[in-house]
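Next come two complexes, and both contain subunit A; in the first it sits with subunit B, in the second with subunit C.
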Partner chain A sequence: MAAEIMPTASLLALLAPVILLLVGGLAALGSEPFLDRKAKHTWLPWVVALAAVAGLVSLAWTPVGQVHGLLALDTARTWLVGAVLASTAIGIAGLQQSLSRDEFEGGEPYALMAFAGVGAAIMVMAADLLALFVGLEIASLSIYALVGLRRDRLDSHEGLFKYFIMGAVFSAIFLYGLAMTYGATGSTAYGAPVIAGREKLLLLGHALVILGLLFKVGAVPFHAWSPDAYTGAPVAVTGFMGSVVKVGGFAALGAIWLNASATASGSHVGGVLPLDAAVTLTAQGAALLKPFSMIFLVLGLVSVVIGNFSALRQVSIRRLVAFSSVAHAGYMLFALALPVLADQGTSTVQLGSLWYYLVGYAVATAGALTAVAALSGKTDDGDQLHLLAGQGRTQPFYGLVLTIFVASFAGLPPTIGFLGKFLIFGDLVGKGYVVWAIVTMLLAIVGAAFYLKLLVSLWSAVGKEAASAGSSIMTRWTVAAAAIAVVVLMACPDILTRPGMALAGPEPVKAAQAP
Partner chain B sequence: MFESLNGALGPIYFWTFAVMALASAISLVFICRHPLSAALNLIGVMLSLAGIYALLHSPFLGVLQVLVYAGAIMMLVVFVIMVLNQAKDHQVPRFDGFSIIAIILPVTIGFSLVGFLGKQALKAEPTAVRAEIQPISASLFDLTAAGPGYYILFELIGVLLLVAVVAAVLLAKRRLDDPTPAAEEKKEDAHGHH
Partner chain C sequence: MDTIDPIHVQVLAAILFALGLTAVVTRRNIFFLLMGVELMLNAVNLSLIGFARTLPAAQGSLTGHIVPLFTIAVAAAEACVGLAMVICITRGKDTVDADAFADMKE
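Coming up: the complex of A and B.
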């Protein structure tokens, strides 16, 4: 009976980034009642932001490994957790900007944002559907409350209500799929081998799980909630939810997809599959997964079309970001589906381009909306395009960083968004989907049109005084760091390739068990 | 614990619960005019299911069904119905355009489930004890390195509940700037409430 107890040290070492953020959130929540209103918006954001940054720094020392097959860290997961923590720090800065301007009567939102970051980080680290679900719910519940923060506003109520009701329904669908997967495999781990005779049940279970996740990442046809939820939320929350929910959702989708590839090809040896693994897909596995990846590809194309064309007509930056996030979800679905599609025989599934795109998108989104929060003046309605006109000239720092982030959305060269899109288009051409590549590129140009509209408005010579009442040190530092990251990660993407993670080059590593 | 249920009494209990569950379900959807009586029928369905779980040697699941579903969740549902009740509920037509979706979806899921499960019978040992409290607690708090590690999720669910409480307070508290409930009452009175 003397079974070995899980060593606390290895448990804490692996979970350190998450625990640090969690402790930051708890400290903010616990000290909130003892501070007066002004002090809440001065101190609590620093507590949470420093905790997030501490978590980010601790990632450098965090070992690669897994605990109990529930949670794992590998190179790709480390970077994605890093993106979540960075987005949390940036989002906190923007939240401080909005809430201290509105003299909001409570400090709980800072703690909730920290918890949402914890939930998203758990989603990324999850190697088991149960852990994924708990992380998903922690993130979702916190974000529901954050969307509804502006309680005196009707659009906030509308966004919260739509997001909450639809989110609850899709959580239930996810859970139903989880139950079926458990029934079909006898395990909740990703990629568990199916019990003979229950293949169809597994298929149905996986379909429902993926359906639930597609809702969370806001891909067409499950995008209906995103414009209202994004508009109802305070500006900084819009950026935060846009980035961390997408990171969590796509990390989960990618992990399930990768594990399914390995299991279908018979190369899954149990244990936790690293997200940066390259799985060799056999003909049998390719046949099983191909219909799914065609569905992903079609959904991706429709998302890009609907996202880009709807965004063209928007005047509110939040709505614009909502539709552009639908379009970005479409590009990421391409990155998810493409590795499985091969012209002949076997291929290698390696999701490096998805992770790269995701990290870049997360940092740029959180940074852009925090910059808008700093620019948008007395109320959140200042995010309308015509009100932003000329702000780039009055506040050149925020004008410059916002330009960098928007260039990254549009996929222009000196930013991470360029390389992300380049990898995806290159993959499309490489796999023989030349027509798709041309169509998608044309659509990306449509997308660039409304980003340009935003930039022209930002830098136009309207000659207005600064709308903003000044910004905090935290906002300036985090936004500047994000802008630097967006450029540096483009200049040397190799930083992302700690051992094992290849961006595009097929480098077949056997789907081995993580230590 | 449930030896006698494997004998002659088992089928009697099963049919009692099954008939109760079906009767409540049919009454819930087709007969009840008022949401409150529909909710009571739903409680009937859940209690009957709890009995069936116990018959399947999963007493813990049965107790949870009574506590969580028939107890907590249904109390919430009844509470919401009573708060929202505008006394016009029974005049709302039973079937409208939206019902089409509400019929198609469950029927589709039901048929696909029957299709899947009908072809691939899930074999289960009817007398094996499944959801007993002892194995559940043993695996939930199994701290060994080779164990399932559910204690981590248990801790995380603690975070989840905390988040739910904070979110509910943040969204539902009437006045965020006024920390004392007593002061709120006073304000209500001052406005001539009641």
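Coming up: the complex of A and C.
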């Protein structure tokens, strides 16, 4: 099947969900100086969260299409933008929880979080390296500021410093990749045809672009920043940055990968490729891409090993989530690399399992850390394992939702995380990588061990009083909605690739898994 | 040799980029790290403009002139956040030595 070209849509209609969130953020930023401290933490989060929810609802009416070859929306992108907006709403709730408890003097973090959500949504919608770069920087710059939110904390300074310097360097590396890709193709669009004689330049450019994105998603060997940045940030920001940056980064990686598959197979006919497209890989394209997908597989395996084993030793939930996010990045690299690998000459590249895993991971991460923010009591240091002990019994609601999110991380049914892992392992076996599947499965069990440790601690009967300083309505609603989504989305695995209005539909994910 | 070939521009850009990267990796003063990052971004701008001159006319080389405008804006915003970061962290530790910020355990 040749790659389809997406229809053109109007800019305003396509960007409506992002614009709603942006307006919410700007309104919060503009009204912030006129409110007293208590009102800031009462009204501003509602403004931003409602804007995010309005954006989420407006996705139902947003057309499928592309604008000027820069931004695009299709079924998969719609779901990923939805995951970003949902994570933003959940993150805002957690931020309100933490900031009103600390009586934080400013209200601008809510606006910053909205802007970071806007940046990540643009990264998802990007169909061009320039749009991707702008989205990446909007998201990154806002998140740097959010990481350094606790201005009087030395560990916050250190997390911010490391994240900023490394982030700035990898942004520059990404940009150099953009420049080389432009030099080789004469265009910054994904999958533009190469000018004869400049194939090596294109290869180098793509390598640098992918390097920059691998840093953003925190895959080995570019994961060194994540534990420190995650620990330096307030609990609610940790969940937010863990989910939206990963969604943006992997959406961009997947889009570039899909376009490279189409271009290498000669089936790219120009225009914008939908993320849920099924690209038929020719033998020539497979030969070109196979070394790269082997690199992704190896990086993925190393990420899973380092992430899971390092997480075992952690006592702070934020650090634990940081290492578990490295492991999850590894599983997602599997989902990225596998479709290209086949026993025979040709295969169909369809990244449905990556998108599915990504949506599930994003919602569960944002929800879990917001629940921890509500459970951790008077200070953010309350996220230590021994301080959380028994909190599930004193606050059964948060205990229950946190259990659902952690079950999703560990890959237990009936959650979206289970099906996400199942699709990846099924694909590994289907492509003949049985040994890899067994090894990864064993590593997933190592991963399950530390999630279990967390749950045992959460529900243990130590009989402490509630550490919580109370939780807001918004926190309760958003985490409850996230928990329901984590369970309900498991029932419909093909929802992310279900054909959009004007697009010819690829096969559902499950059918693609058959060996 | 009295003309500048496109390749010379690319070599210069690569050297500047490498210099910037070296500065970030080896220097310990935070301000030099920020300057290194700026140098890398400006090297990329040079590279983009250099590439724009090598492209065949059919490709329409305007992109190479426009992308640097975006980069300049982004670099300014990045410097802004970077200097705000320096102010924030020097209040905590009263030093601009990068090695002072390496206390977190593995």
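The rule is short, and it goes like this: the second predicted complex is superposed on the first by the 486 of 515 C-alpha atoms of A that agree within 3 Å, B and C clash if a C-alpha of one lies under 4 Å from a C-alpha of the other, contacts with A are read in each partner's own complex, and residues count from 1 in each chain.
In this section, a residue touches a chain if its C-beta (ideal position, glycine included) is under 8 Å from a C-beta of that chain, and two chains touch if they have at least 3 such contacts.
The structure presented is a predicted model; accordingly, all values stated were derived computationally and were not measured.
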| item | value |
| --- | --- |
| Which superposed partner A:29 touches (first subunit B, second subunit C, both, neither) | first |
| Touched partner set for A:111, first subunit B, second subunit C, both or neither | first |
| Which of subunit B and subunit C A:162 touches, first, second, both or neither | second |
| Touching partner for A:102 - first (subunit B), second (subunit C), both, neither | neither |
| Subunit B versus subunit C as contact partner of A:68, first or second or both or neither | first |
| Subunit B versus subunit C as contact partner of A:182, first or second or both or neither | second |
| Where subunit A meets both subunit C and subunit B, residue numbers | 130, 134, 137, 141, 144-145, 148, 151, 160, 183 |
| Residue numbers on subunit C that touch subunit A, as the complex places them | 10, 13, 17, 20-21, 24, 30, 33-34, 37, 40-41, 43-44, 47-48, 50-51, 54-56, 59-61, 63-64, 67, 70-71, 74, 77-78, 81-82, 84-85, 88-89, 91-93, 98, 101-104, 106 |
| Sites on subunit A touched by subunit B in the complex | 3-7, 11, 22, 29, 33, 37, 67-71, 104-106, 108-109, 111-112, 115, 118-119, 122, 130-131, 134-135, 137-138, 141-142, 144-145, 148-149, 151, 160, 183, 197-198, 200-201, 204 |
| Residues on subunit A engaged by subunit C in the complex (per definition of touch) | 130, 133-134, 137, 141, 144-145, 148, 151-155, 157-162, 164-165, 168-169, 171-173, 175-176, 178-180, 182-183, 185-188, 195, 227-228, 231-232, 310 |
| Residue ranges of subunit B touching subunit A (in the complex, touch as defined) | 112, 116-117, 119-120, 122, 143-150, 152-153, 156-157, 159-160, 162-164, 166-167, 169-171, 175-177, 179 |
